[in-house]
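To start, the structure itself, in structure tokens.
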Amino acid sequence: MPLPQEFQDLARRVNNWGRWGTDDEIGTLNLITDEVIRAAAAGIRTGRRIPLALPLRHDGVQTGLIPGRVNPLHTMTAINQELFGPHTVATSDDAVTMGLQAATHWDGLTHVSHSGRLYNDRPADSITAHAGATLLGLEKAPPIVSRGVLLDIARVHGTDRLPGGHAVTPEDLDAAEELARTTVRSGDIVLIRTGQIRHYLAGDREAYAFPSPGLSVRTPEWFHARDVAAVANDTLTFEIFPPEIENLWLPVHALDLVEMGMLQGQNWNLEELSESCAAAGRFSFLLSAMAEPFVGASGAPVAPVAIL
Amino acid sequence: MPLPQEFQDLARRVNNWGRWGTDDEIGTLNLITDEVIRAAAAGIRTGRRIPLALPLRHDGVQTGLIPGRVNPLHTMTAINQELFGPHTVATSDDAVTMGLQAATHWDGLTHVSHSGRLYNDRPADSITAHAGATLLGLEKAPPIVSRGVLLDIARVHGTDRLPGGHAVTPEDLDAAEELARTTVRSGDIVLIRTGQIRHYLAGDREAYAFPSPGLSVRTPEWFHARDVAAVANDTLTFEIFPPEIENLWLPVHALDLVEMGMLQGQNWNLEELSESCAAAGRFSFLLSAMAEPFVGASGAPVAPVAIL
Amino acid sequence: MPLPQEFQDLARRVNNWGRWGTDDEIGTLNLITDEVIRAAAAGIRTGRRIPLALPLRHDGVQTGLIPGRVNPLHTMTAINQELFGPHTVATSDDAVTMGLQAATHWDGLTHVSHSGRLYNDRPADSITAHAGATLLGLEKAPPIVSRGVLLDIARVHGTDRLPGGHAVTPEDLDAAEELARTTVRSGDIVLIRTGQIRHYLAGDREAYAFPSPGLSVRTPEWFHARDVAAVANDTLTFEIFPPEIENLWLPVHALDLVEMGMLQGQNWNLEELSESCAAAGRFSFLLSAMAEPFVGASGAPVAPVAIL
Amino acid sequence: MPLPQEFQDLARRVNNWGRWGTDDEIGTLNLITDEVIRAAAAGIRTGRRIPLALPLRHDGVQTGLIPGRVNPLHTMTAINQELFGPHTVATSDDAVTMGLQAATHWDGLTHVSHSGRLYNDRPADSITAHAGATLLGLEKAPPIVSRGVLLDIARVHGTDRLPGGHAVTPEDLDAAEELARTTVRSGDIVLIRTGQIRHYLAGDREAYAFPSPGLSVRTPEWFHARDVAAVANDTLTFEIFPPEIENLWLPVHALDLVEMGMLQGQNWNLEELSESCAAAGRFSFLLSAMAEPFVGASGAPVAPVAIL
């Protein structure tokens, strides 16, 4: 089944293939320049640091629906082990097994493909079981630090949490930009708050998963027009789920990752950040969000921090 | 066997138990104030970002000597999986198993105990196989962002890499501080470069592991006197290994983690940072280094970034 | 809270500590002699082999309630990897992460302790995070092969599946022995069918888990009197759950494993075996059920086979 | 590079595609009939049980050369956890991560492919990262129990261990059959002893791995002529390594698994079995060796037992 014409039109309009050379493996992260960082640093006002990662725990956001995307299994490999005899210094060590996309994470550029291609016209079969993503892997990403802008869509709509059926539209983004009293600009990392993660924080993983508010298929053009470097939000699915176009699943993923070469973040906890930004009347900050550099990764955990 | 008197004297001098209250679980991270962050941000000059984490890979720094501290096993749980039929958007996901202390990481406050106690007089048996560290776990840590200062001991000694037997002393730290033309102050995170990681970067894991230059048992007092928030370096063992005091293994760990309540970082790649700092004649920067917030963790991977 | 007097009386009556020497680490497996094997082999009639293990899969019997007891996460570490160039022989490899007690398994003798003791008066703290069970680990077990006897309690009661509240009593065992037209004798491995696993086979994991029919606290004496070598059944909990004695959880585990030193098996699929035994009018067979010999294991997967 | 003519000739002579129908997924395991089992059971003399699996441990036979084929990482997920309050029954649980081909195992029929095909002309791309082997997976195998025959090649050559360069030939197999005073027949599982595993048992993993004695490319015809059900030996590589034919790696794997549809076993410890068989002057037994039934597996651990 060919992809719908509507999708193909959108794809053509946001496509960045070749924009940074045929060998480029980092896409819109190219837009984060030293100047962007200097400006973002200059914007720090209070020095307050707000963590945006969910704690990594066995009862995390995954419900078991997606095989392999397992919540962290944290185990101790040593507990107060007196390596060199009793009554000396003892050590405790731990290990983990987890899905790289299981918790607060970045989707790498290889997380989705369509029509057999990845970003920058790379072949989808460059991903192997043996080596993972041999092209475009997340370990290729430079340190992901930039100006962050919170677009607080829930707040725009005067609610704590958007309803499950809410597609975040370009109009929503415009309204939130206005609320934020800033203009999203080249190299920014945009954080979209829907409030959906409040379901999880309240203990309801099923409600968190589905149905979910999320980005509309119309948003990639908005990000593309502003040359955004990356986008993250507070949902499991990133885009509205179930999807807007019949029989087309994950179109926003395909547009953002494959066509634009723009990283997506999911399961980011934006609640405390929202409170702080609203209280300060300021929705931009320095965002530090480097992905754990797993070689060949299609996704990776991240512990983002907003510095206000 | 009781711990030697020399150790007990050092322990008494650097002890911070009770300093931030009997319930404190974060130790010297208390020293990172908003003011520290503002000053660090104001010190950003170029906007250049330098990553300090080693890539996470199956042939990482672990040699198999420590059971459980396994290099990352990265696997694909889906490759171009067309979830909803052929010729649609396809997804690739990954999973990992790894030791939390296997690569570039922070030691949490529970990573070592001595005499049955952890930092702040907490009982060592508060660590369980079931829940990990029920007190002092790394998920309790606030975002680890502060001013970073590189103390480039190898450069002080005019070498790329200190010899295996080199104990980094307070005198070394003084000399490196002088080279850095800054004064280490309260809340700073200090990065100590020995050059030892060049062994690993050149493909020799065995030489990297042992013998290793590292911090002398005399350094905790130096850090304590300056109220340093955390210390990281570019070795596997952090402290000099084999140790300086006969029959006393990991004394620096015990002093830093248990007595002071100060996080330690290991396997940080400081080579590019060293070049940049030397070229700029400036050895301080904003350091962003939040640990992945594993609940109950005694250690956690981190992807630190220096922003110059 | 001390254990109830009722438990303590039962414990005294079935206790085997010291019976096979103070150093014994295998308990009632001592009862399987070469003679037992010869007799069991001589009893093979048809040569039919019936597997008793559930397939190992990501949607296995675990529901996530018990942290760490995770269903198998099976991943491919290579798929048709042409190690030595294209168009040659290619290899596919796999890896797994799983709880050792997650699927069809044997409980090892260290799976439970009470009052700080394990079987044969061994200290419970001989189990460490570093090495697992340093005493009594499942790798110490000899090959677990013996005569198997199916006691088909569901069939005795004329049902496919006993109700959740059914405690399998000594009277049930007597009746099933009569149905089986054999006498349980020293060294036998007894398989107890409740039919509870039909819930799981029908896709209902929650109903399978709880409430569950299972062995009554009165059954260990029955097994002890007959010198049974091991007992397995087709439930998640082995014993009736919720338990019979208020505020005493897992009393059957404590009696079987700690007092008698007798292995327990759980999540065995006895459905096909039940059909075959009933059709043949014969409920004994050669049972081959060696645990995977994980060093230091408190439990281990097993792929049992009944040979009729 | 096309496969050499020599290989293609051998392949044609041992090919079993279609022999058990176009839908067959178990290959030569079809040869194990109930009659074979009855005869094997009737051959049991002493009732002695000999385990053939290596203990599963972190310092197992893998050296790290093959990414993903990791030695077992055994961890405790609970240690004496008093689930329902202090002084009650406490539980200990464990988990593991391991390569399915890491220790004593069966290669499944999908472990190798050549020219894009698996056994019975199935497409190699039927193996996916998502589901593993969707055809021919090891969970499809019936219980692997049969008559076992030890062909003790080391003993034939009057040595404890064959040299690394020794290719086990059909002539070797003939001589060992003569030593065994039995005739290998349809449905038998043949165990080939080279003594190579003595390297590992003596602590030398590197010597165990390479160079290794092993089966010659001429042996598949021998097995095919006798309609052997499966073959296992005491090496890491199964076949002689480095290989006999220049630029053709794993030809025996390709012939056995792809052409014949015959399982291969590796890392089986045949030392105690060899002693017992020689002492008794009898080299056949009932062999019970069911693979752990991982769904979609290309290989699986097995804890084989020989019953003499």
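A few points about this structure:
Here the chain labels run A, B, C and D in written order, and each chain numbers its own residues starting at 1.
Going forward, contacts are C-beta pairs under 8 Å (C-beta built on N, C-alpha and C of every residue); 3 or more make two chains touch, one makes a residue touch a chain.
As the structure is a prediction and not an experimental result, all values here were calculated from the model.
By the document's definition of touch, common neighbours of subunit A and subunit B comprise C, D. Shared contact partners of subunit A and subunit C comprise B, D. Chain geometry summary: the mean Cα position of subunit C and that of subunit D are 26 Å apart. Work out the mean CA point of subunit B and of subunit C, and you get 45 Å between them. Within subunit B, the positions touching two or more other chains are listed as 67-68, 70, 73, 75-79, 92, 95, 97, 128-130. Those residues of subunit C lying in contact with subunit B across their complex are 67-68, 73, 75-77, 79, 95, 97, 129-130. For subunit A in complex with subunit B, the touching residues are 1-3, 33-38, 41-42, 44-51, 53-57, 66-70, 72, 74-80, 83-101, 110-115, 124-125, 127-129, 132-133, 139, 142-143, 145, 247-251, 253-254, 286, 288, 290-299, 301-305, 307.
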